[in-house]
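Listed below are the structures to be examined.
Here subunit A shows up in two complexes: once beside subunit B, once beside subunit C.
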Partner chain A sequence: MLPVSEEKAPVRAPLLEVRNLTVRFPLRAPVFARGRHQITAVDGVSFSIHRGEVFALVGESGSGKTSLARAIVWVRRPDGGSVLFNGVDLATLNGKQLRMSRRGFQMVFQDPYSSLDPHQTIGRILSEPLRVHRVSNVRSRVYELLTLVGLEPAFAARFPHEFSGGQLQRVGIARALALKPALLVCDEPVSALDVSIRAQVINLLIRLQRELGLSYLLIAHDLGIVRQIADVTAVMYLGKIVEIGTNDNVFNHSGHPYTVALMSAVPVPNVTVERNRKRIILVGEIPSPGVTITGCRFHTRCWLRTRLGDPEICTSVEPPLEGRVDHSIACHFTGEVMR
Partner chain B sequence: MDYAMCWTLEVGGDYRHSQASRRMLSGVTPAYQGTPRHSVLRVENLSVDFIRGGLGLHAVRQLSYEIGVGEAVALVGESGSGKTVSALAVLRLLPSRTARVSATSIDFDGNDLTRLADSELRKLRGYRVSMVFQDPLSSLNPLMTIGQQISEVLTTHLGLSDSQAAVRTQQLLDMVGIAGHSRRMRSYPHEFSGGMRQRVMIAMALACRPALLIADEPTTALDVTVQAQIMELLANLRKEFGMAVLLITHDIGIVAGFADRTLVMYSGRLVESGPTENVLAHPRHPYTLGLLRSIPRVDRNRRGELPSIRGMPPNPYDAIPGCAFAPRCAWAIPQCHVSSPALEAVGTDWAAACWVKPNEAV
Partner chain C sequence: MAGLLIAIAAIGIGLFANILAPHDYAAVDVTQRFLPPSLGHPFGTDEFGRDLLSRVIFGARTSLIVALSSTLVGATLGVVLGVTAGYFGRASDEAIMRLMDIMLAFPSIVLGIALATVLGPSISNLALIIGFIQIPAFARVARSSTLVVKAQEYVVAARTLGQSNAGIMIRHVVPNILGPLVVLASLTVPGAIVTEAALSFLGLGVQPPTPSWGNLVFDGTRFIYSYPLLVALPGIVLSIAVLGFNLLGDGLRDVLDPRSRR
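Take a look at the complex of A and B:
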């Protein structure tokens, strides 16, 4: 433990800072061509998450959001850029220090069936992180955790197969909370659950965040959930953030044509709303990240570009992510989006 | 694009829809005609039980519904509610060793499917009624090219020659928005993206211009922008061909822009059915109401906790004396735990199976 006087970190410093993060994957290629063939899943992404903040990362499959999350929790070392947790660059830590630092950020996975060991009791699953980190009073902490996520302490003696998906996801959340982290990285935490159960787990996440002052990095493709609980939202497309800002800005004043299209594609369970809304249907699908795209990475599917008569700049110059602190957009013609 | 062009290639007398396609060519679309009393599918008292290790599981109980000619009907429910099983049972696609299917009658296009010989039913499937599944990768043959798989449908059901089938396959790919035919036809399923594979599935399903298309979670595996494309394609093709669609989904959101009527299933039973507009805006069954309230909506500036349904879906092996939703229901009265309510009319063509039938806006 550091003496208090040495605590130099400014009070308002972000809890997590991601700087220019890049993740690449090698493609299968002939031996002599290896290294040249790779895909860039995350391409220089920067953002920060403050204490008590819910930060959402949205995007379609292939946008790189999961690769980004895995690099942030240091499951896979990034190929470029840095991750600072509490002001400390994770790359500078040795194994033991990293393990200590990891107590502060934990992950909740999409599928609770495959992320919990079926051979271990719930109690054992929950106590494992506690034993690894030599926390005392394991048993009482396990009971405390189960109560925290709305399960009965008696469940500790049971096995995963005895539970429903919603209950298992509660166990997954409890495990992530075992070491009292400040940040939870939640990768599609409710998309594997039944529709009538999702709201319960979302509500649990909201309650825990308030009660424990947690920060979340929420990865989701369901924009409804993101709108409901996030403070800041970043929209990813092909490895880059194309729009980022406060929820109000991103949802009510979307400035990127992709964000606009993504939101218009989300179905709303109301016939009148569906009839009256203007739906922008994008052509094609998200290109493979292995394909090199010059200019704006969204230009192949951009409806705005078509409307503006294919401006040359969209295919030649990559638009930088720029704007204000609370709203930045990577589009040459963001002023035209709202028209 | 002129989809009707695809159907100009008429083959022999076997092709039953020549009249309809002629009508389409003259510019008259045989669209859904209002009251669906002219039904393409009428299911009465369908029940499905699975027997496993001496245990009986009631997957579908006393299900009755009707789909009008050209009508789009959505069957909504979560996993285990019996929505897929009921559709498979209608087409007799469940394994007879484990599934016990019973029904008063299943009338499809003038045939009673409960009595029809297997060989006759096989002729109907893929021809007058076809299915699109959630995961196109596992429903396509990985060892056959896309072209071969679509052609197979045409040669089997329509008796086309290989060259005729090849021409028609191109037209079908055109219809579902897949360009670059010759190369695409020689491709294998793994070379296609999820959205493209689903387009192939739709092309195959529509190859014989069925009277009914059963689409089981057709967009669940896809991204939202691709989902919007596929739903638009299905809606357009349905209008073009005057085909009825049974859309099976857990996502009550995609129902709003697509289905004329919505059926809601819970724990093997139909709990509400009615015009989509009514069911979504003013549901009369607490489950439908609770579900709609609990969905976070992208068009609303609402923050914080959601009104959620408590508890969880019942274990299908448990015998429930009363209404299956009662243990989770905020409106339940003592009667609900004792006896199970039947569907009762709450409006025109609109019914709910509930003793209370709360009257509240979503």
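Take a look at the complex of A and C:
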């Protein structure tokens, strides 16, 4: 049950390709000033995800991760750039084609309590995608889905409020899998759950990825999880990707001062190492995306800039994202970071 | 539970009025005017010697038909408009809600009189008119509840599944805003009874000799100092019914919330 566009796509085309994606939000402003005040949540982001790949997107709150995810699953039209799924630009599809295309990419939400309709039984929630897409044998498919995510088929008759967060997130995952998608966009799938439950849900995601050959766009701020399951990691800061590369490169050879600071915040499960670990504490909050920053968008909080004695280029020229295919960094002094 | 019993009792009385009433509600007997309650006339008689109990029982039928059907009309149209405004926002929101504001700007009685004059007095017209007056209240509540529901992630989830706007509104929005609407409806029923009474009193609603709770109370006020029972008895019945519908609304709100279901 692969998406319709499958045959038409070039063989080597990535499953998902995001080109120069931009998402803006208008600010509430007086009538006369309307249009001028806006926030750029996602500012020209490009990357691609291949079949069977786990692509992680990390960054602190407010960096535009959720806006990016919503634009990719096309519930909010981007204000610029394009999303190509199986080589087909989603903006060119009509309503019916888009609906067909949606079978290929589905989303797992952050908060399982608000992403499941409290007035519907688990069975109805899971059958909604099947009914929308006129899939037959709804009942047996619902039971199959519940079993797939490790829940009992009898749960179909119950309501969401009867379940724990972890169980609900399993339902959310089952719903996303109902249409047999090739790509799952997981927006912080475990950050709303109890710490004790997180590992179970992550393990479920890993198992499903292997069994079903899925691709993930995993949005997270828990770097431990990302390190464990991602193939490619991108670090986002204020709407832009500042570093992207294979997991090994980003984690073990971080080239951007922001990435280095993020990594230094991850605890190491070894007492002596942990005690001697150097930590970089970033000063201040992530700047509001409404404020225009000239030069490098990270310069206001950059520890490296301070150490190098405030080079002028950091505040005047925005560093491009450049490097090799398996590791690109947006920093003027990435050579200094490595040392 | 009490609310349900009272509401069922009121509706039952309305349905079986012709069996329950001891006398003909329109039978005039000038020798029997202003009788106090007795075995033959448990509620006494009015200024034309008509049996008050029979009139109250038949009044239940008229009042409930008007109140329930008008609330149904008002709720249906109000919810359709309110959900549309809240869900689509922007221009449709502005257009619909400003229209509602215009309707609200007229005092309901004035609006009712104007409409009744155009349409002519009859029970079905009365239901339509009162329903029309209620539209803005339902539209406002439906709109504001829709705004809350629209921001929930399950609406976004439904959209990623490919569910259409109509599908989302019918399957997700309406079921989730039903609670406050049911409460509003239960509060609207007594209001409708009163509006019906006011219009009937002005000769634009239920025509005599057909009784309704509203015109019984209004007619009785003329004799409130000499024969207060003519106001008090229908008034008490009316109050009990109103209380019943309010309690019913509260109960329904609890039942409609799956979280309070055991």
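As a convention for this text, the second predicted complex is superposed on the first by the 326 of 339 C-alpha atoms of A that agree within 3 Å, B and C clash if a C-alpha of one lies under 4 Å from a C-alpha of the other, contacts with A are read in each partner's own complex, and residues count from 1 in each chain.
FYI, contacts are C-beta pairs under 8 Å (C-beta built on N, C-alpha and C of every residue); 3 or more make two chains touch, one makes a residue touch a chain.
The shown structure was predicted, so the numbers you read here are calculated from the model rather than taken from an experiment.
Superposition of the two structures on subunit A shows subunit C fitting alongside subunit B with no clash. When the two structures are aligned on the shared chain, A:164 is found in touch with subunit B, with no touch to subunit C. Of the two partner chains, neither subunit B nor subunit C is touched by A:89. More residues of subunit A lie in contact with B than with the other chain of the pair subunit B and subunit C. With both structures placed on the common chain, the touch criterion links A:326 to neither subunit B nor subunit C. Contacts of A:99 after superposition: subunit C is touched, whereas subunit B is not reached. In the superposition on chain A, A:175 makes contact with subunit C only, while subunit B stays out of contact range.
Once the two complexes are overlaid on the shared chain, A:152 sits clear of subunit B and of subunit C alike.
When the two complexes are overlaid on their common chain A, residue A:117 makes contact with subunit C while staying clear of subunit B. The vertex angle at subunit A, taken between the C-alpha centres of subunit B and subunit C once both structures are aligned on chain A, is 80 degrees to the nearest 10. Aligning both complexes on chain A leaves subunit B and subunit C separated at their closest CA atoms by 13 Å.
For subunit C in complex with subunit A, the touching residues are 152-154, 156-163, 167, 171-172, 175-176, 258-259, 261. If you check the complex, the residues on subunit A that touch subunit C are 70, 73-75, 98-99, 102-103, 106-107, 109-111, 114-120, 128-129, 132-133, 159, 161, 172, 175, 178-179.
For subunit B in complex with subunit A, the residues that touch the partner chain are 78-79, 193-196, 223-229, 231-232, 250-257, 276-277, 280-281, 287, 290-292, 294-310, 312-313, 328, 362.
Residue ranges of subunit A in contact with subunit B, taken from their complex: 60-61, 164, 166-167, 194-200, 202-203, 206-207, 221-225, 227-229, 248, 251-252, 261-275, 277, 279, 281-282, 285-286.
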